[in-house]
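This report refers to the structure that appears directly beneath it.
We just call them A, B, C and D in the order they show up, numbering each chain from 1.
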């Protein structure tokens, strides 16, 4: 048995759903998930579909045929994934360990269906954690005027290990255009505020100063503009005047790790589709 | 232009989605919403679809053709609604006024796309509210041994006014089988607890006694078994040890009115499908 | 029996709690609520206390004595309220009716312990609602170059009716310094975003554009800087990519009315204390 | 400098707050937290107070004096804790690892101010996790007719290691009266439902069957009656018809670990007070 996941977006026109579902029916696929969305303003059609096949699928033939019959005629951007191979993830950290512990725990307990061949950090402090979980740890310091150098070492490692996507688990550095363009919509960050409020550094300090009654966390894809990429997931937690900045930081830890984990899972399960700096999240 | 909403459930088999969407394509319908769900255990397929047509639709012909080509072959339970006519709702109340005020405000401001030809109550206290909103108010007392009599008066009124569905807005009476069978899955109740906890009378008292840290409200369809019908919507609110029963009742008012309003809207928009004492809610 | 509520803030020093509680004990008061907060950074002490007395209290003597024994020595800002008299509230609205309906329903059902002698609006559309609830309605148009004129008519009315505090229930005008200084920390606004995100006009449009996964509402005291006053209460609601701006506006209505109502109640019950553009909320 | 935390409950009478705060003032303590609660029905007074002292405190003298001046006269149950020593916690697990990973991560990152000298399990599967975190792991099988034997081995270990409190982190066994009476209100359990709904085994299966729209988790102290002990903390997560039992189990993992961690912290920080099978939680 095989299973494929299809993601498409294309100019909206009538008959797409019928054409796509008929194609899968003809191929003897059983559709177990279908969802679509139309951006009415921009006339764009988006769709996610999962289908099971009782027979083994020659995936390349399938993709070619899909492209010929549907992709090209409908001018689609499409992706067809099979469930066979695990995505390879790289984890970037600095000194905070709560998201690291959380992701490693989920990884070890089988909750995340990934390969995790490396943790990269600009500091050496978290190495013992990586080692206790048996994950290779690379300390790549990022010095003031030698950021480009550090990033080229990072890129080399990422490519050598065939990394598919990157998770910044409270990595306290701004990643540069170079890395972003090598992994477009494949770098996931957790920001410790409900964006767009409190973008940039020290959001808990500013939240405290403003006297908000809720704090938040935002998981988003990284783009060239700081904390302005497509949002995957957000959540919040109630606070009161009695919470100090230190309390907010502590309370925020749980929020950050939960929201980041949800974002990673949505990405892994191919439930996100980025368009126009926004994220379609099929659930 | 016309718009139809289709709800179906039938034995699960492959090709249904393709068949249905092709039917709508052939009829020149533009599908603007599609969602489906398969109860894998019981092998039942559920689907909701919205389609727009540029031309006016002869709805009876359309329904007949749908039934011939799809309904009968696939052994479907199906419903096709047009957006033309408003549902006619009856409101049952007793002495609590918060849900009543909330629904009337929503009705008057155009938030609920309904006709509201009657409010029925077993007490006369809320009559002035009905009158200030210009809604006919019927006081039908429910006496100990004359419940059947009261219900037959209710039924008579409901039928005379061609009522489509009933909302029990903190109506403090148990409705009998007679009414329920006349309106199967068409009577919506709000219960002031997160069911199945605290079914029956005085849930806030029992919540206080148990020392829970959250209270809830549940909107559900009424069935013969008290507070055990298919759940449409639930929500909760945090409380603490410092809240008295009176505080819970007060805090619960907002919860009750919001959850009930959400349930009414889901029902109105044909987003609910009842099966096996559970509710499929398409959102 | 009488009941008083005490609110104080003063430079932090040791012994305040002991001194205050001893004062109430000496006066035969039974303390039924006490909460305090220290702004450690600025060394300010805040406290809220409720006390019941079995005898009738000569409130002016009590206040004088409190001031002599505690207020002056500890350099306190203090307020002592009795439960006797109701606060008089003015409601400002424009064309949106959902918060208006909600507040009027709460008022009529006795949920808000206030007098409500007036609704002021820059438009005449909502007059029928005011009339159906028997509340005097004043239509004071606010024309481009004659805002000052309109505000002086407002102020005149407010003073004539001895208004204690003002609620802007989706009043779509910026109120000027003149009104703000007449009612410092006594004008409550509801803003339809989780501030500080999306301050200013059309927050739902900007939320949609940014692709956030949560929308919010913020109840705050009005200050000279737009949407930057002390926050009383906030809450949020989850949304998805599939929600249009119109959906957000609809979904936001419930959020706005609930958050505004909570803010009004906190203010009414003397549970808020403003300091440094932040709100201490004693709950 | 020293810091003490005081917890009391006693028959309600006037003057307690004044008497207690005066005592601390006399002792040159600076009160940094005070909260109280009165169970009006049963006329019981509860209070939590934190005080800092610039000098070192002879804690036994302090306690004796407190008891003589206040404890005995007011008939108080009181506890005075110093911040000096860490509580010693034992962790009970079976085969589920998500709560275990979460607690160990928090422990290692310094978020939990405890000693953790042992993990006890009725199965051997999780031993490698304990070892990778360097925590002694004791495999004590619980066989059908030899439960008493297993428990006496557990008790022996607990006493040998001077364990203060026990956390059942998805320990799938019912603990017996013997253990409970040795650790009254000192055994913390996480139950995977919003109690009192779905007490007992397989709550996610029953939640699925009932068709609820929210699932929950409850952290509570263990008493002789299954899942009926004093509730410390609860939280919920929204679900839909489309979630299978397996989905609920997965979704519930995050809920369980967060709610359990919150409960542990409240216990650790002496913020809970048990009375009448309910928990006063001072926050």
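As a convention for this text, contacts are C-beta pairs under 8 Å (C-beta built on N, C-alpha and C of every residue); 3 or more make two chains touch, one makes a residue touch a chain.
All of these numbers come straight from a predicted model, not from anything done at the bench.
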Comparison of B-C and A-C (more C-beta pairs in contact): A-C
Interface numbering overlap (same over half, different under half) for chain A and chain D: same
Chain centres computed over CA atoms; the one at greatest distance from chain A is chain C
Using CA atom averages as chain centres, what separation in Å is found between chain B and chain C? 36
Any idea how many Å lie between the Cα centroids of chain A and chain C? 41
Interface hub residues of chain A, defined as touching at least two other chains: none
Residues of chain A touching chain C in the complex: 37, 40, 194-198, 210-214, 216, 230-236, 240-242, 244, 277-281, 283
Mind pulling up the chain D residues that touch chain A in the complex? 97-98, 101-102, 104-106, 108-109, 111, 129, 132-133, 250, 253-254, 258, 261
If you look only at chain B, which of its residues touch chain A in the complex? 14-15, 17-18, 21-22, 24-25, 28-32, 34-36, 38
